[in-house]
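Once you scroll down, you'll see the structures, which are given as structure tokens.
Each of the next two complexes has chain A plus one more chain, namely chain B in the first and chain C in the second.
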Partner chain A sequence: MKQDPVLADIDGLTVEVDGQVLVDRVGLRIRPGTVTALVGASGSGKTTTGLALLGEYPAGARVTGEVVVHGRIGFIPQHPASVLNPARRVGALLRDMARQQVRDLPRTRRRAAARQRVAEALADAQLPDAAELLRRYPHQLSGGQQQRVVLAQALLLGARVLVADEPTTGQDALTKRRVVDQLASVARRGIAVLLLSHDLDVVRELADEVVVMRGGRVVEKGPAHKVLENPVHPWTRELLAEPRTVPYAEEGRAGTEVLRVDGLVAHHGAGGSRVPVLRVAGLTLRTGECLAVVGRSGSGKTTLARCLAGLHRDHRGQVLLDGEPLPRSLRDRSREQLAAVQYVFQDARAAFDGHRPVLDQVARTAVRLRGAGREEATAEARRTLADLGLGDDLVRRLPGLLSGGELQRAALARALLARPRVLVCDEITSGLDPVTRRSLLDLLTVLVRQRDGLCVVLITHDLDTAAPATRIAVLDGGEVVEVGDREQILTAPRHPFTVALLRASTRRGSAVRP
Partner chain B sequence: MSGLRSWIARRLLLGVAQTVAVVLLVFVLTEALPGDAAVAFAGDQPDPERIAAVREAMGLDRPAHIRLGEWVGGLLHGDFGTSLASGRPVSGFLADGFGPTVLLATVTVLLLVPVGVGLGVLAARREGRFTDRLISSATLGVYAVPEFALGVLLVTVFALRLGWFPPTAVGYGTDLLAHPAALVLPVLVLLARPVCSLSRLVRAGMIDALAAPYTAHAQRYGIPGFRVRYAHALPNALAPATQQLARTVDWLLCGVVVVEALFVIPGLGTVLMNAVADRDIPVVQGLAVVFGLATVVLNLGADLVTHRLAPRSGVAA
Partner chain C sequence: MKRPGRYAAGAAVAGVPLALAVLGPFFVGEPGARAASFTPGGGHWLGTDFVGRDVLDQVLLGGRPVVLVALAATALAYLVALPVGLVSALTHRRWLEETLMRPLDVLLAVPSLLMLLLVAAAFPPGAVGLALLVALVSVPDAARIVRAAAAEAASRPAVEALRMQGESWWRLAVGYVGRSILRTLAADAGIRLTGALYLVATAAFLGIGVAPDASDWAVMVDRNRAGLFIQPWAVVVPALLIVALTMGSNLLVDAAMEHRAPAGRTPRDRVRSEPAPRAPVPPRKGRRP
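Let's turn to the complex of A and B:
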């Protein structure tokens, strides 16, 4: 154990909003140069605790306990773009910050000194070519550059503690790698990092201290190796459980062809700037199988899914259902064709109308796509939702009152009410914590195994999620670089990109080696 | 950047086409009106023979398309034609009316922007509290009062009862700057509604911007409150207000007929009114060209500013 001075000390912190306890008697100590990981499911109070260090609390919060911080604190939010002002150039905030710091200098030297400080911070955040970058707007930067600019702001501030909120959630393996390296280098500079994350791979790699939270309380804390290798609390054990390895679909049960993609070339943009973003020469889906489509962000995974569902019309080539070509646009598809290919979106919250009860919206699918009666549809919706573990009192509520995991199940139920042949799941587990993710994937397994003739297309950037699929297709830069059975892809990848992707996935444990 | 340039060029071409369309429409509509300049000229003695004589003297007996063609030909050489009613060149009318109108518009905009933005930011900072409710209800109330009603009210109280300001600009000619007292009431009337709409738009945008994570981030990193509000939050709140401001300036430059008539200011609005009454088609058309171009240029400018303030939104022609 290092005996460095404590940089930040949280003692008995309790935060309540409207009588609801968000954080309950949390204690935490942060030392320089170490990474303290706050792990737990969504809603466990990680972010509330992290923001408490910054002295920020939810509106109307009642706060008791003590938070003592020595030195300034930097913050990297989950979406770096959210703290970059869309109407100002990247350099604006950096320049204002630097100007605050050089006010003691004589007027003539301030400008140069401020510029010097900004340049140093950018260099420390590994942003070369800074002068050009500062003139750009945030939306003209890549995600990685945005994150580094936000880091540069914290470094310019002279932060001694850095709070990083879910910095890797929803990122592909290669991006994750980069973020991990960056945070490690920050810690090497002697800055204390408070990592809020449910991404256990990252926690394993970075953390010196681990604090496990559940329902606003600390259930276990200690040195990383101790907590991660010998968890005492049952909740920690559940959180740390290995990702599933049992295949989603029964082996060797794949049957007849359902869907075929033939010579597909999809475009984005309009007019002169229309560019091809995806080429799929051929891809077949059979009943009873689960096809995982993996690749980095922007590789064309979602575009492929959208072409199947008729949500992306601008493409050449054909999508055939039972040998019959499907119309490109959803508007031209018949009710049966619509029902046959169902889509579950990444952002379940955005996929529900916030003003109608979940049950009504789920039942509506059966009315619209199968012509079922209202009563009958509601009864079936209630049954399906119950099968997916959503009780009757829960589904009568408005979507806003359900958690992300619950809403994602409701979205699955809604798609199932159409009795689809093909279920397209677009990143349905990204952004969910490991426990919720596992239970959702377990559910998917039950569906694939129970519903005869259903096949699932699982779009994901996460190899652990893709590993139990029947077959895996790897996309890179809009091209299918490799398709094969899970064993072949995971153990004997042929394409260099697949190899790189597997290597970047930090823990190729049992999940990836079947 | 070349994308932006070709966009500006396309917009300007489109603007010229729109102006041409406006001029054609105005010509056709004025032709369609009963009576013409000759009838208006004949006045109280509508003797058909006399009217026919005047018509021939004015060249109104020629087919409409030839008259239009001649006028367009002149316009291409910078000649706006000659007024039918007075025989003076149209450009002289425009130049005379332009001075007072531009003066009124400039003074109004110089006051409008700081007052409108300031009230909007103040209301947003105090959202839901007394100051906000006061500003919001006052602006809504004032917005509901039409210009002529507010004008009559102000004249009655401040000119006729209290005698603080002259009730009209009669006798001051076109040089209004020498008589600032005569400007006070018209400018107040012109300001009233635009201040309300502008401040409400700024308030709405500013509430969002102040609640945005990037604003919290700037505060968190020690930027002083004034600078956070005006340099970091405000640019995000201004995009819709800019469009509204362009419409307001356009409205002001095209001569607010009601206000000019009420205060007897010899601006473009007055010129327009007289020209329509006299069926003085060349003057009406000259005004249509000026107003059309002003609208095109102002909206193009507003779109450019909006693009600068909300760079993510694409530019569409």
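Let's turn to the complex of A and C:
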């Protein structure tokens, strides 16, 4: 053999469910020690292809084609907690697996050998403080740690191919960095990695081979440098397009003050373990502007958003709308106050009732908050949804039948029907692929520019998303470390944390340019 | 497809005692002259019981009190447990939650049969009283289940989104939370019904709430015990019917839950492949919906 042996070979794989083709004649070859990236928008068939390696198919699928695999396959799902038994400690989970492998040793040596294997797997998965970690339950670990425990399980089982599904989605820049290093070290050990991702920064850094998928088909594949630098297919080009830099709001249109945060201290926890997690001395929002709030996960940015919307009650200080203090809990806010400050949730799917059609749910805002009649509200909901690119047949369906991007638009429509003056968007683009994200942000731009006086608070961990905002507030450890116009923050940051954040983004090759 | 099979099994097992309980009384003939006690045959298909009545007639008559009281008790228990559980799950007022749930915890600590015996000794109940009593001892469990299930549903962003829309409490609690926990409640209602059947049958067996010669499956089991070896049918048939009712209702609830379970968890034998894609399957570590 001239080339490295092939560890996994997919040939002409077609997966159909109820006549709908999820994956159409996909071919893929995976060699040891390489990272193959499957890139594409959500719903492009990445996950179906990746799971085919594991012999997993959707319920009722018709499968044709061939999948040949040599050696074991490990799988790191997008939500690693879903594969860790919540009732058992991490150590027990790992030792169970190790014990299977040391069965043929003499009884006296099994225990030590199993322990040894677990320790090795943990070290390979780059889990420091292993001893302490083994005593914890999965829910006591951070998302990143859970991910590494699943990786350790795969390594323990001697996986030769690792399928990683969106390992960096929704993670901040510094966490992403660690995931990248970890996968790179796995590949160095000769394990083949199949990376399913729409995070192009990660793909750029890791991938040896790139396979671009769209609508279940492979539209382009080849060595990473070739595909990423000289994309041939127009879809690949669209996927690789630079993030937007045109500002969301028109420059110099910011008007009068709408919302002011005054001496806010928010707490988490209850009783004796109540800890302050956010301190904002003062923050002002003006009509027609877009304020981005940036920070790592756990920096308190979501808490800030929730305080504004009345979803987080446990805080001191005031949130003033037109100089009038807003009640802390939204249960005490009047209809007008509720309508004035609307909130769009990060997880659009979880924020919709799965049992009612999207259109009905969206229309309720106008009924409840503006006293519109049912007919009138439905008509307005339909118009607003259509403006956001959601057709009539789509919005009559139940939320489960819409994609994440579509649901996020519906969630925007639901908030807009209140005719809000302040729209708080909490990480609404995290978890979306670049193309969907761009179109959602374009919509937001249209909204800010068209709706007179609407002001948007954009909570994000992604500097690319924050860059086109009018002003940017940087949060770290529950404190606002810096607030300023975008120009100033992006070109002349004053606080060291802002500098670090900017550097982490630019090192990964993304374009943060004013 | 396995589901219709499970429905059929549940329906068949529970159907016989239910049909007997509901329709049985319509088929009972005039009570004839009493024969000798515990005689097999002799014009009586299932023989005679301890006072010489026709066992078949007794079986036809004896289901209704057991089933009705158990069903009424379960319904009553939920009538109380649902509002209590929902209110305490959805309120953010700690004291309200405590006021609602704490007394139930106390009730929970008392063994249900002991409670039944004690209250029955003080106030001998009738059928209605028995239903109330059984409902009372089922409430704490049911309320805790409702609250736990509802608390999970109430912490979802969908509830916050509904609040953001200014939806009424009723819409939140019943329209969303209530609907989301329906599956859990259906499963729990099945267990609750089984428990109620057990309690009602035990109470009847111990002679609480029923006359000693009442036409009642549980009473039959108790009273005809003496003749078990002479005329077994008078014990075996009602006992089997009670068992079938309990088992069948559990199977039905199971099947209903299976039916409502989200798609994507179907067994792999439904995946047809040609030619078979062969991948050695690692120990299953997770699947996505």
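Here is the rule we use: the second predicted complex is superposed on the first by the 506 of 514 C-alpha atoms of A that agree within 3 Å, B and C clash if a C-alpha of one lies under 4 Å from a C-alpha of the other, contacts with A are read in each partner's own complex, and residues count from 1 in each chain.
One rule holds in what follows: a contact is a pair of C-beta atoms (placed from the backbone, for glycine too) under 8 Å apart; a residue touches a chain by one contact, two chains touch by 3 or more.
Everything numeric here is computed off the predicted structure, so don't read it as measured data.
Enquirer: Give one word, clash or fit, describing how chain B and chain C relate on chain A after superposing.
Expert: With chain A as the common anchor, chain B and chain C collide in the superposed model.
Enquirer: See if chain A has more residues touched by chain B or by chain C, and give me that chain.
Expert: Comparing touch counts on chain A for chain B and chain C gives C.
Enquirer: Of the two partner chains, chain B (first) and chain C (second), which one does A:82 touch, if any: first, second, both, or neither?
Expert: Touch status of A:82: both partners.
Enquirer: Go through the superposed model and pick first if A:364 touches only chain B, second if only chain C, both, or neither.
Expert: second
Enquirer: Is A:93 touching anything from chain B or chain C once the two structures are fitted on A? First, second, both or neither.
Expert: A:93 sits against chain B, while chain C stays out of touch.
Enquirer: Go through the superposed model and pick first if A:313 touches only chain B, second if only chain C, both, or neither.
Expert: The answer is second: A:313 touches chain C but not chain B.
Enquirer: Given the touch rule stated above, what does A:157 touch, chain B (first), chain C (second), both, or neither?
Expert: The answer is both, since A:157 touches chain B and chain C.
Enquirer: In the overlaid three-chain picture, which partner chain does A:56 touch, first (chain B) or second (chain C), both, or neither?
Expert: both
Enquirer: Under the stated touch criterion, which partner chain does A:401 make contact with: chain B (first), chain C (second), both, or neither?
Expert: neither
Enquirer: After superposition on the shared chain, which partner residues are touched by A:137: those of chain B (first), chain C (second), both, or neither?
Expert: Touch partner of A:137: chain B, not chain C.
Enquirer: Please state which segment of chain C collides with chain B in the superposed model; the candidates are 167-175, 239-247 or 257-265.
Expert: After superposing on chain A, the clashing stretch of chain C is 239-247.
Enquirer: Would you please give the residues of chain A that touch chain B in one complex and also touch chain C in the other complex?
Expert: Looking at chain A, the two contact sets intersect at 54, 56, 75, 77, 82-83, 97, 153, 157.
Enquirer: Considering only the defined contacts, which chain B positions touch chain A in the complex?
Expert: 212-218, 220-224, 227, 231-232, 235-236, 239, 309-312
Enquirer: Write out the stretch or stretches of chain C touching chain A in their complex.
Expert: Going through chain C, the ones touching chain A are 92, 156-158, 160-167, 175-176, 179-180, 263-266, 268, 270-275, 277-283, 285-288.
Enquirer: List the residues on chain A that touch chain B in their complex, please.
Expert: Contact set of chain A toward chain B: 54, 56, 75, 77, 82-88, 92-93, 96-97, 100, 137, 139-140, 153, 157.
Enquirer: Show me the residue ranges of chain A that touch chain C in the complex, using the header's touch definition.
Expert: Contact set of chain A toward chain C: 13, 47, 51-69, 71-75, 77-78, 82-83, 97, 150, 153-154, 157, 159, 165, 309, 311, 313, 329-331, 335, 338-339, 342-343, 345-347, 350-355, 364-365, 368-369, 411, 414-415, 418.
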